[in-house]
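Each of the two complexes below includes chain A, the first together with chain B, the second together with chain C.
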Partner chain A sequence: MSENILEIKGLNKYFGTTHANKNIDFSVKKGEIKGLIGENGSGKSTLLSQIAGLYPRDSGRMLLNGREYDPQSPIDANNCGISMVMQELGVVGTLPAGVNVFLGRTSQFTRNGIVNLKALNKAAAEQFAKWDLPKVPLNELTDGMMIETRKIIELARALSVDPQLLLLDEITQSLSMNNRNRLYDLLKRLKAMGRSVIVITHDVEELIQITDSITVLRDGAVVGEVLSAKTSPDEIKRMMVGREISGEYYRADMKPDYRNKVVLSVKNLLVENEIEDVSFDVHEGEILGLCGLSDSGIHAVGKAIYGLTRRSGGTVHLVAKGLDIKNSTMALKNNMAYVPKDRDNEALMINASILDNLSMPSLSELQGKFGYIAPRKTKRLASDMTKKLSIKCTDINQTVNTLSGGNKQKVNLGRWLAKDLKLLILDCPTRGVDVGVKAYIYSLMKELKKEGIAIILISDELPEVLGMADRLIVMKGGRVAGIIRRDEDFTEHSVIGVMI
Partner chain B sequence: MNKTRISFADIIPFAVFIVIFLFFEIASGGKMLSPFNLSTILEQSLITIVVGCGVLFVVAQGSIDLSVGANLALSGVVATWAANAAGGVLLVPVALLVALIVGIVNGVIVSKFKVPSFMVTIAMLIGIRGIVNYIQTIIGTQYIPESMTVLREPYIRYPAFVLLVIVMFYLFEFTKIGQYSKAIGENESTAEFIGIPVPRMKIIAFALSGLMVGFGTLFSLTSVGGTSQMMGVFFEIKVAMAIFLGGVLVTGGTSTKLYKVLLGSFSITIIVNGLALIGLSETQYSQSVEGILLLLILYVTIIANKRKNRVRALPDELEKTDLKPDQIITSGS
Partner chain C sequence: MQPLQSTQDSIKKINQNPLIFFLMLIAIIAAFAVFFNFVTGGDFLERTNVTVIISHIVWPTFVAWGICFLFACGYTDLSIGAIIVLGSFATCIFGNWYGYPGVMLGGLIVGTLLTFLNFNVFAFTEIPSWIAGISLAMIYEAVAVFLKVGKSTADLIYAEIDKSLRILGRLPWSIILLAAGFVAAYIIYNRTTVGLNIRAIGGNKEVAKALGINIVKTLLWVGLISGIFIGIASIVQESVAGRTTVRTGLTSIYVVFQPLAIVLLAQILQKRINIIIAVPICAVLIYAVFNLLTILGVPSGTLQEAFLGAFLILFGIIGQRGYKGVVK
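Now for the complex of A and B:
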């Protein structure tokens, strides 16, 4: 464990006037699991993208195994033994999972211009087996698949190159607990094989646990490198932000604290092949947590409540109005809100402006006579929200895809806060956001809780639901496996016990 | 801060319009700007604009209505038939009603059975053409009743046109119908996840498209005087061309604007009209020239949009480097 597989010296990258990578010196040893951390916009993804051949660097040197390395494309990088799982690239939805694994490399299965799908799927299945990845239906289109499944397909794609150096950009946040553990095992295995990995994640504790050493970036420059065994989460956070982060961002109290009035009553909810017999009440000012392993159906519950999936049975009763929510239009009309897990594909209109994204759910409220929606009203709503949530942008007409992950999520939340909400469903609200925005989202949740809004918090991160929820519903195989109150045995240990 | 930035892609259609206008103005030795020719240009653009304003709602949603030409013929034939058979005043309601029904049928099929709109409306185009031909063989070419020729008078025709465009402008830019349509074009899942009634909005868009065809039929019938087998042939292509030429994206979305329909319609008319003015329309290859010109303009427009997209495609990390560490919000703030 001494020889460097990759060495970067004095690398610079500009986007227009933005100096995204400043004079980066960075190296990865053979058989090393390297962590890369920094806030949104600190230049982590940019650095990895250059290693993976996505864009050229502006200056500096890269050495791979001591030799000059200058990838012209991701395929070029693949040929040099480097592959990457990107943060938000995803898979081609209109192609089956198997083809996605060998995307761009189908020629090895092609004869006379016809792709031998059977051979391709067989090879894909071999990759899944070889790396011990969870099974994925290889013939199905990836379009309807969950984020997690799609991420695993991407991982299989990266691994099928048999990489010497694997780059993982925020993959763990898309995975549920059981598959995270699988990934950790995979990292150990790669390490034992003498392969190297660079991991980006916002979860500091996790990063320390799974890596050998960690490089911290801030404002595009390297601020330091530490050995994982000899550092602490606080030290890393301090390095990232440049000063001490004070205070715990979760709730401090250990008692459930909500009003008696039931806002929403879910009874015997049934969605075919997803969830069965799910019943619970949510109260005013309550944060109801939902957690479970990947096939537990927690995400399906959120969608079903908001009327986005066809329910085969059960009722979602809105108590104050005395009616059953049947579709998302009804949910919207009756002061409910839903923040989906898949921010870029389901939540936001990514090519539309901040203004349009923020005002869209509130148009009914902004209507005047003859359905007139005054532009000044939508503008006011958008600039108020931009200010309130301190969304970093130059202009409310800026398109959302130019924002960083954290600011996108603020837009995603902000469009609902402009409304008079009764119930808010959050599905993994802190996925892909940095510590600062994460803390902000939690403080926002506390504020909403105080105002008496009922919140359903669906999350793959146990510390998050344990930190925020009044009651926690643990699901398993599409059913409710247990409900734990905040003042009972509210620990990771007991929850995992119910989960598995 | 709230000033709308004008993008490169939005300027291109204007530039194209001005260039072709100037070109034909000079090439025709100034005939383009004669009062008579200007009124010809307006007259030739009128129906395209009226129908285009309706189709725009469908295009904003990322769909397309290719049945408008056939719909124009069907509502024209049926309305003229009804008016001649049972009283002149029937011309107006029957034309509107028939066209509206065709629109609603399109909308219901597209939204309920989730079939791509271009397939549905092409099928409608073919089917309706068949019906039109059948009716035509029974009743032959008909003229609109004498009592209805009053609709041809400029004091009715032009105010009606302006009013229609204003109403559609209002609906498209300042009401939920327009905003929701644009949202559906941006991202249909997002629209659904927010709670926008997507199927209903699709039916409304196709219904508006149909209704505007009804008005287009009335303008067409009163200017030509009657029906023919050739009524509305290739009209759907002209409307679609006008919309895309004006700079509307095929994917629809929030960049869709109603003024682009007007711009595109006039651009197309000026090309046809200009070719006639410089004497090219008598040659056999005038249509090819027209086609090549359209291709060129579309090419420029698409390149402009690609440029815009390339700027957009910069990575996530871009705008944030100006964020200072002390601006980080921690808990309790």
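Now for the complex of A and C:
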């Protein structure tokens, strides 16, 4: 492991007046798994995007295998043996999964102008088999597929290039535990093949575990590079934010701590082919965790409770109000809130302003006589929340799609915090956010818990649910496989035992 | 190895099989036909009436296929009606001058060139297509009127084609043309790189761009492909109707009302069957309803359209059953 596959010298990138990458010097060796970490907005994705040919650089040099490298497009980068799975890009929902794998490169299956879909699907299936990726229905449109499935398709697309250098921008947090392990195996395999990988993830522990070395970015500049085997999470966090960050942002207590009063009672919840016979109560001030493997149905539970999917059976009873929640309108009116996993597609109005996003769920509270909503009220709400959550933005009129992942998530959460909540459903609330925002979200949850708000925390991250929940529901095959209290055998080992 | 599931797995297998759904659809249409026949005292399935229905679905079906490509890439063009009017007008004028070569080339060249021109405007100016489309429609209508009478007027202008040149409006030629159009549309939409790229742009422009799909080039392809279908539609329309009515004041938008209804209905069905297949089925269905209403003496222009609107909603509800989400 000595020769560099990629070398970057003095690279700069500007977006208007923003200096997104400042004099970056960076290199990746052949057969190296390199980690790239930094706070949201530190310039990690911008750097990878330039390597992948998505953005042109403003100055500096890139050398690939010792030769000048200046990709004009992602296809150009692919032809040079570089491919990327992007953080938020996704797949084309109106096309089948198989076509998505080779989109932009379908001409290789074209004869006399006609694309041979059979050959294309066969080649796509071969890619899934070759890299040991979970099977995906290749003939089905990707529209409506789970976020995890879509990410796997994107991964297959990147791997189908047979890359010498693979760029992964926050892919792990879209994957459940079993598929995350499969990805780790894939990284080991690529390394053994002499291929290189650059990985971005906000999970510091994970990054140390899966990489050989880590480069830390802050405010667009490289602040340090460390060997993974010789560093600690605290050192990485300190380099990231420029100050000391405590290693413990989860709860320190090991006993369930909530009131006896039941807020929500779920009985025999049934969503056809997704979940079956799911029953539980959530109490005032309780954080109820839900975890499971990719087909366990945990994400379907959140949607079903909030009334976003059609239930085939069962009841969701809001005890405090004495009524059954039938749909999302009813849930919203009765002080319930739901923060989905897929924030760009299911949660935020991505092309609307921060102001619109933050004020939308509270419009009924903000309206005056005859339904008139005074602009000063919405502005005040948005400004207060932006300040309270320290959302990094130019002003409240900035569109949400221009924010970094962590700031988007703050908007996503913040709009509910302006309401008088009884129950908050959080589906993977820390997906794609840095340690600073993560710590903030956990402290927010602790605050809400203290106020007596019941929280259902659905997560693919075992340490997260183990760190925050009073009780943990482990699901398997759409059913509740076990419920573990915080004062019982509350360890990864016991939870995995129930999961599998 | 554990397979990943799509949320569509919740739908019953029988509903997922496109062939079964297609057969069910045909059976439903047949049942409707028998019912319509009963209601009209045997007039609906009378041979001449069936011939009329088939002859009348050809040009709207071609327009609907053209619109499918437009919608697939996420664009709306309100000047299509004006292009059909100009195309039909060209078919008529050049047909009367040069016979069949004039019929074929007049409509085809005008339809293709103008739609291609529209997409140049959309791609290079980046003006929202529906705004640019209205402006272009006004220009095309004025041009058609000016060409016929040599001056600008808001009056109705008619152009009639020679009877001997209307072969494509009659069976079996119209049905042969329809079959050829179906094969071409199906292959281009589903089995060519350009077809897949068009759908990629409409599905997620950013992904398409990131994967190296040339957006401008693909949009120009849409203009060309849609233009050919719209050009053929103008030829058939002129062959069926025998004359073109030209008028300014955006009246041409009405021309695409029925093809648009066909596409909307087909979009409802496209979760179950391919939209290119759904288009002729929906065309038959819509024209059957119009035909029934005409036989029953329901006035056109008011009640017939109201019935069509109600029918679309009813069909939408049936087509949507069992599926999550709504048709946009």
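Throughout what follows, the second predicted complex is superposed on the first by the 499 of 500 C-alpha atoms of A that agree within 3 Å, B and C clash if a C-alpha of one lies under 4 Å from a C-alpha of the other, contacts with A are read in each partner's own complex, and residues count from 1 in each chain.
We adopt the following convention: a residue touches a chain if its C-beta (ideal position, glycine included) is under 8 Å from a C-beta of that chain, and two chains touch if they have at least 3 such contacts.
In this text, all values refer to a predicted model and were calculated from it rather than measured experimentally.
A.B. asks: Assess the superposed three-chain arrangement around chain A: do chain B and chain C clash, or do they fit?
C.D. replies: Because the two structures are overlaid on the shared chain, the partners are seen to clash.
A.B. asks: Just chain B (first), just chain C (second), both, or neither: which does A:Met254 touch?
C.D. replies: After superposition on chain A, A:Met254 lies in contact with neither partner.
A.B. asks: Go through the superposed model and pick first if A:Arg218 touches only chain B, second if only chain C, both, or neither.
C.D. replies: first
A.B. asks: I'd like to know which partner A:Lys392 touches here: chain B for first, chain C for second, both or neither.
C.D. replies: First partner only, chain B.
A.B. asks: Tell me which partner touches more residues of chain A in the superposed arrangement, chain B or chain C.
C.D. replies: Higher number of touched chain A residues: B.
A.B. asks: Just chain B (first), just chain C (second), both, or neither: which does A:Ala119 touch?
C.D. replies: A:Ala119 sits against neither chain B nor chain C.
A.B. asks: Quick check for you: in the superposed arrangement, does A:Thr106 touch first (chain B), second (chain C), both or neither?
C.D. replies: A:Thr106 sits against chain C, while chain B stays out of touch.
A.B. asks: Does chain B (first) or chain C (second) touch A:Met193, or do both, or does neither?
C.D. replies: After superposition on chain A, A:Met193 lies in contact with neither partner.
A.B. asks: Tell me, which parts of chain A touch chain C in their complex?
C.D. replies: 54, 73-76, 78, 86, 89-95, 99, 103-107, 110, 113-115, 117, 132, 134-137, 140, 142-146, 148-149, 152, 178-179, 271-274, 293-295, 309-310
A.B. asks: Using the touch rule from the top, collect the residues of chain C that touch chain A in their complex.
C.D. replies: Result: residues 1-10, 72, 187, 190-193, 196-197, 199-200, 202-204, 206-208, 210-213, 324-325 of chain C touch chain A.
A.B. asks: Tell me, which parts of chain A touch chain B in their complex?
C.D. replies: Interface residues on chain A, with respect to chain B: 15-16, 18-20, 39-46, 49, 87-88, 218-220, 241-243, 245-249, 306, 308, 327-333, 338, 340, 345-353, 356, 360-361, 363-364, 367, 370-375, 379, 383, 390, 392-397, 399, 401-405, 407, 435-437, 439-440, 442-443.
A.B. asks: Which chain B residues qualify as touching chain A in the complex?
C.D. replies: Residues of chain B touching chain A: 1-2, 4-5, 170, 174-177, 179-180, 182-183, 186-187, 189-190, 192-197, 253-254, 312-323, 325-333.
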